[in-house]
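Structures follow.
Shared between the two complexes below is subunit A, which has subunit B as its partner in the first and subunit C in the second.
Showing the complex of A and B:
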């Protein structure tokens, strides 16, 4: 095993920051190319007019997931040294529900709002101001939210994956997700057609 | 300059997936956006009162004692996102001042709703330990249980909320 390269080749902090900056450029470029700098394009998914978000997210996840599964199978990538977020199920269900409300009202998510701002979309600037307010409030309110964040009400399940939870091999879950994604692509094309292909160009 | 149409969502998606895979392969981190905001806020709070940061377990994790909250890959990745977005926008003729909003609201109303939406998103993302990039997309590709449950919850709630706020967009 030789990847993540930063772990196996003991990269210094400086190299890590530089590589992260370069990866960020690719990240921003891909998001902007997909149309994620435009809040209307993002919001139109919720009215079935433009399902770009679903298509981009599923294509991206399937691509990265397939790569990870193969790299692991070849013995290149050590998934134990790779970031897999820990599951705090109740805290995350609550957090994601609040994110969902914010997404529908605000039209952006954090990453896309910075892409919007980078191409001078002024509504993105106001979304970012909101982000700072929300994150600041969370930090200041942390003492009263602590129990729900990582205490007894948080649903701490540790670093657990879908395949560990279901007790099957990773490849099986990956294959199911791949089939789901193809179904989602086919379904989104049909839905967009039904709503008269009002894709925002 | 003529505004070019957006790329095919499948090509943009595969491109995004390769970037995410590269992030795992090179650094092991994945992608992230909201973490850089937390770190910027803690950096400012540190200047105002180090004691305040040290006394709050959450803030102290990022900036307690001598820790510099900005000395982290998340901050540099977000700077890269701004550069990459701008490059793509310039190449495609989309680098221009715009306020995108639904036809039934004014730009000023859009600003207000953008602030409200952003505040909710920021607050929720901290509870979930990451936003769409750092938790849902990165965790989803790594097949984390919480990320997949969170993805379903976030989109379900967003679709339901969108019905009630449709005047903002259509």
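Showing the complex of A and C:
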């Protein structure tokens, strides 16, 4: 067993951040090359004209998931040492809804807005300013939101994964999600064929 | 037949999905010590239950916990707490005992004679992700606090009431040396027992 590397080599925070930075640059570069720095392309998904975002993000997820399942089975990876954020089901549903609205309005999600800024896109800059205003407002309103954030209305389920929740082996969930991904790719190509050439008024 | 890239990708994904169906998950006997979390639990005193709490659970007939006696079989046969099952500590930390005999959905309360063996086992079981607690003071503490409650030296109504309650609990568990002496006598207790509150503090930790 040698992974996660940061746990097994006991990296300091500095090394951790440096490695994260390098991986982040790689991820950002891949997103930029995929056209994710362009808010128009990103927004197209909400009109079913270009579902690249769904395909890329779903591919990234199933690739990582497949790797984790295989590495765990080979005994290379200790999933207990991996960082898995806690699940706060109600807080996360609300947060995701807010993020979705922001994505549809702004044309970016937080990650892609920085990709957009890297090629000096003005709309990305405004999106990031909005992002920081949101962070500031959240901080100021935190006392009101605390119960929802991690209190009794947050739906705290602790550090839990789908396979633990359902009490099955991780591979079973992973296989189902992989088949779902294939279905989603097939479905999005069909949708693109149907709506791809429509002109938005 | 020549395959397109897309077809190759789909077939590969389906093949991987089929293989994953049969892959084993993480090793359940892998100990993962989250030191910060454990320190927090110990600091908040969420690592143990008191004899008083346990006796209430037993009397109330709670079934959300599993009581494990980790002493030797001889000692268990001589006397144990009602409802306890005997898994000597040298057997407790075996992989199949942990996966098969310990109930991962319930609170697990472990006790030894004192606290040290139970504390050692607690660290391991907690590291395995079990909801584990030590019986404060161990079996000795149980005997002292539950079976032979101390006679209060003062005679306030509250203390008499508390003593009557403790005595009832002791009788429930068949305590042998129940002091029938009335608290109103105000004489020194026959056995040199300290009030429960003091005892509690003394028995904390390993």
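Please note the rule applied: the second predicted complex is superposed on the first by the 195 of 201 C-alpha atoms of A that agree within 3 Å, B and C clash if a C-alpha of one lies under 4 Å from a C-alpha of the other, contacts with A are read in each partner's own complex, and residues count from 1 in each chain.
Operating definition for what follows: a contact is a pair of C-beta atoms (placed from the backbone, for glycine too) under 8 Å apart; a residue touches a chain by one contact, two chains touch by 3 or more.
Bear in mind that the values here come from a model prediction, so they are computed numbers and not experimental data.
**Q** After superposition on the shared chain, which partner residues are touched by A:179: those of subunit B (first), subunit C (second), both, or neither?
**A** second
**Q** Quick one: classify A:25 as touching subunit B (first), subunit C (second), both or neither.
**A** Only subunit B; A:25 stays clear of subunit C.
**Q** Tell me which partner A:72 touches in the superposition: subunit B (first), subunit C (second), both or neither.
**A** Once the two structures are laid over each other on A, A:72 reaches subunit C alone.
**Q** After lining up the shared chain so the two structures overlap, which partner does A:81 touch, if you call subunit B first and subunit C second: first, second, both or neither?
**A** In the superposition, A:81 contacts both subunit B and subunit C.
**Q** Which partner chains sit in contact with A:171 here, subunit B, subunit C, both or neither? Use first/second/both/neither.
**A** The second partner, subunit C, only.
**Q** Counting touched residues of subunit A, say whether subunit B or subunit C comes out ahead.
**A** Tallying touched residues of subunit A, the top partner is B.
**Q** Just to be sure I read the superposition right, which of the two partners does A:191 touch: subunit B = first, subunit C = second, or both, or neither?
**A** neither
**Q** Once the shared chain is lined up, is A:163 touching subunit B (first), subunit C (second), both, or neither of them?
**A** In the superposition, A:163 contacts both subunit B and subunit C.
**Q** Shared contact residues on subunit A, subunit B side and subunit C side combined as an intersection?
**A** Shared contact residues on subunit A (touching subunit B in one complex, subunit C in the other): 62, 79, 81, 163, 170, 174.
**Q** Hey, which residues of subunit A end up touching subunit C in the complex?
**A** The contact residues of subunit A facing subunit C are 62, 66, 69-70, 72-73, 75, 78-81, 163, 169-172, 174-175, 178-179, 181-182.
**Q** Would you pull the subunit C residues touching subunit A in the complex into a rising list?
**A** 10, 13-14, 16-18, 20-27, 30, 32, 129
**Q** Touching residues of subunit B toward subunit A in the complex: what are they?
**A** Contact set of subunit B toward subunit A: 5-7, 9-31, 33-34, 37-38, 40-42, 45, 56-59, 71-74, 76-89, 92, 94-102, 107, 110-151, 153-163, 165-166, 168-170.
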